[in-house]
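Below, chain A partners chain B and then partners chain C, in two separate complexes.
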Partner chain A sequence: MSLGEYLVKNWDRLLELTVEHAVIVLIALAIATVVGVTVGIATYRTQRPSKIALAVAGIFLTIPSFALFGLLIAPLGLGAKPAIVALVLYALLPILRNTIAGLRAVDPAVVESAQGMGMGRWQRLVRIELPLAWPIVITGVRVSAMITVGIAAIAAVINGPGLGKDIFRALARVGTPTAVSQALSATLGIIAIGILLDVGFLLLGKLTTSRGIRD
Partner chain B sequence: MAVDTSVAGSAPADITAPTAQDADPLGGGMSLRAKLATPAVFAGVCVALYAWVQGRELDSIEQRVVNADFIVERLLQHLQLTAASTLLVIAIAVPLGILLTRAGARSITPPLIGAANIGQAVPSIGVLVLLALWWTIGFRPAVVALVAYSILPVLRNTMVGLQQVDRSTIDAGRGMGMTKRQVLRRIELPLAVPVILAGVRTALVINVGTATLATFVNAGGLGDVINNGLVQNRFTVIVVGSVLTAVLALFIDYLGGLVEDLLRPKGL
Partner chain C sequence: MTDTVQRSAATGEPMIRLEGLTKRFPGQAEPAVDALDLEVPRGEIVILVGPSGCGKTTTMRLINRLIEPTSGRIVIDGEDVTKVDPDNLRRRIGYVIQQVGLFPHMTVADNIATVPRLLKWKEERIRARVDELLDLVGLDPSAYRHRYPKQLSGGQRQRAGVARALSADPPVMLMDEPFGAIDPITRERLQNEFLRLQQEIRKTIVFVTHDIDEAIKMGDRIAILRQGSRVAQYDTPEHILSAPADDFVADFIGAGASLKRLNLTRVHDVELAQWPTATSDTARDEILATLQSSDKGAVLILDAQRRPLRWVAARDIQRTDRPLMETGLVAEAVVEAHATLNDALNEMLRSNYGVAIVVDSSGAYQGAVDFGTVSGAVQELRRAARAAARAPVSGGASTGETVR
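After this line comes the complex of A and B, so read on.
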């Protein structure tokens, strides 16, 4: 069966898997952004804690995904939960690193003048530092999106949701007429999600950047 | 640290790019204490794992996988996959990167770097399974998939590394009477080495991780152990496979960091 025929016949199911795939990636990114930005804010002023936080996030990213999924079965069982947790761990480093880099890149003179205007530490952070660092933070999220979209495919080995299911189903049916179309459509679907997210986060970054520093 | 080399001196836009640094927790800034303590931690984890397994009653299915012969064989396969694919990546990507940064080919760089970023979204398991379906199973498709998956970071870092070399340094070399080839060999490449090495280390980490999936195309590796545990529903086997794989990947990354430090040209 050609890829075209296969797509027409399985459109509904593919769409459903694609949505599942995109949803777990977006959930993981949302959690990773909250965690990464919070840890970044808590550590960017200091050398040692920020280094330790980055090292830990780096270790998560270095652990092979298959192994991390395997390790998470023990505490979390099978399914979407361990899949999302693993994706969060993989997404942390780029977000954390860019949060720290972005906050450190804010001109101290700007922060001082905000202090001179009577802003407290919290106000300076929320109204001056974070908006100035935001373009760099959101590019970190964009990088994380690319990493997690691909890794999410492996979640299928622990019964996670998404297009990875079709890749493994195809593998189990080597030699049948639909196997190649099934694996190919799932792989292309994942790449399509990647491209959409890449463009989406680029636009979101432009839209959410403070008007004063837009180019 | 790998990341710093490519970010330093460039616009914040560069921070956006997924780079070498992504996999670099223990990079060049490693203190002597960290250098010595890290392998001790890995050894400690392995000893703890061994003690834990010893304390458990293994049934016959578990014994078939959790034994020295089975694991060492898978470990060697894993290392072969990693080494072969990383060497191939270096042999292909570095010359190609040099070629693509010569005058005349420069306009290719921005789209290629964009492709490298999105290329990360290509699922490694998809590439692996497609190669198995289209071609064959075993060692060869596994290595081809690993190469395809890890070539972009090295290519990208080779190009970025060569392009960040200060134009005036190159002009100075030309002014001293060096040929273009001499400028490349004696000025551009040495100055680009730290960035290229960072890319190679990223590729190495990607390869050691992706080689875990080689089990799905019958190419062995430590993924065999994890997969055995999953298929037979044996918790002990899953833990042994996962912990060993994780320790191996972290150890290879650590070694990569040491080599990166050693090979960095003096004076940089």
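After this line comes the complex of A and C, so read on.
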């Protein structure tokens, strides 16, 4: 069966898996953004804690995905939950690193004048520092999206949702007539999600960045 | 400048009083600010000036408690603010720094609205205030309100920064080298504009600079600081120039104190030299007679409105082969009466006759500034300043604060 015929016959199933795949990636990114930005805010003004946080997030990224999914079976079982947790851990480093870098790149004179005008710590953070760091933060989210879209396919080994299911199924049936088409169509779906998210975050970044700091 | 300087010293409670203010940074043997006592009178510009590292910026940042003092008291408008909530305190004190520090992601209007919004003013009132301030600092509200800082020139940013500092009409302003990062020509213009603005707003201003010329130009009083923010001399620019308290101050003022003093005097404050004049339709022999009856080398030819046209010397008048108005030299080096003597001297040195022609606002001839005028004025200034320096000294703050 050619790829074309396969797609025509299976498009509703493919669409369903694609949506599943995109949803776990987006959930993981949302959690990773909250955690990464929070840890970034908590540590960017100090050297040691920020280094430690970055090192830990870096270690997560070096754990092979197969191993990490496997390790999470014991505490979290099978399915979507451990898949999302694993994806959050992978997504953390770029977001955390860019949050710290973005907040540190804010012109000290701007922060000083905000303080000198009577803005409290929290007001400075919310109204001045985060909006100015935001373009860098969202670039980190974009990078994390690219990383997690691919890794999410591996979540199928622990019964996770998404296009990985079709890839593993195809691998198990190598040599059968539809195996190649099945693997290929799932891969193309992942690439499509990747491109959509990349463009989506690029646009979101532009729309949520003040005109005064857009280049 | 002379207007502001001659303004009487404020009576009663000073706007800012620093008492034994001390800041020790951890790990430093010497305090950055060592038991500083200083009083800033209401409505005056007090300049903190000194070599780098003397603690002038630290002192300024102690006043709005961006740096917390180790000991001592800060009293603003009679209220001890050493322990009050620093954010509330800062909303009552305008703050302008060298880098301006406009918020790049906000429009000019939103930048200026920052403190009013913190103080929870109504949006309507804020909008009106923003436009009023933009007008005040010479930025057309309709053109600049919605611009972002990156769309402004350096000078415009500085103006927006001043407008932002003035937004909630604070009685006190702190300015840390506000014109330091601006090219010399624009700086000169902003300084003049700011002095004009201050005539209207009469804020109490603490102004930090390392530039003694800026201090002399901008200050009603100058505190010259040495290491540890110790006051070497606290006095009016005139007194500091004419009677430096010690070698440190004299060194800091540097050579040319007399020349610097020329910045303090306006052309209309000195007696102008009178050169022979004639209108352009006067007969040659009459002009020659005028010239010969004076002790000068040339006659200034004026038009019907008494505006200067040309300088003609005796040999020009006697050259009958050409019309009189094509001989001699064009009357250049013209200054208005409110220019400083320093401006006039500059013009004078550029001109052919060593004379700066003084005109009124309609351009009519008033007199001239020549070397005699300048040296006379310098001597007069020196004499006046010496006399004032010997006048009784008030018991108030620091060295040599003189009541006039």
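To be clear about the criterion, the second predicted complex is superposed on the first by the 215 of 215 C-alpha atoms of A that agree within 3 Å, B and C clash if a C-alpha of one lies under 4 Å from a C-alpha of the other, contacts with A are read in each partner's own complex, and residues count from 1 in each chain.
Heads up, the rule we're going with is that contacts are C-beta pairs under 8 Å (C-beta built on N, C-alpha and C of every residue); 3 or more make two chains touch, one makes a residue touch a chain.
Quantities reported herein were computed from a predicted structural model and do not represent experimental measurements.
Of the two partners, chain B and chain C, it is B that touches more residues of chain A.
In the superposed model, A:Ile213 makes contact with chain C only, not with chain B. By the touch criterion stated above, A:Glu16 is placed in contact with neither chain B nor chain C. In the superposition on chain A, A:Ala105 makes contact with chain B only, while chain C stays out of contact range. By the touch criterion stated above, A:Gly118 is placed in contact with chain C alone, chain B being left untouched. With both structures placed on the common chain, the touch criterion links A:Ile128 to chain C but leaves chain B unconnected. Within chain A, no residue touches chain B in one complex and chain C in the other. Of all the residues in chain A, the ones that touch chain B in their complex are 54-59, 61-68, 70-71, 73-74, 93-94, 97-98, 101-102, 105, 135-136, 139-140, 142-143, 145-147, 149-154, 157-158, 163-164, 167-168, 170-171, 174, 179-180, 183-184, 186-187, 190-191, 193-195, 197-198. Against chain C, in their complex, chain A makes its touches with residues 107, 109-120, 123, 128, 131-132, 209-213. By the touch criterion given at the top, residues 3, 7, 12-13, 15-18, 21-26, 117-118, 120-127, 129-130, 132-134, 205, 208-213, 216, 223, 226-227, 229-230, 235, 238-239, 241-243, 245-246, 249-250, 253 of chain B touch chain A in their complex.
Residue ranges of chain C in contact with chain A, taken from their complex: 64, 66, 86-91, 93, 95, 97-107, 114-115, 118, 148-150, 161, 164-165, 174.
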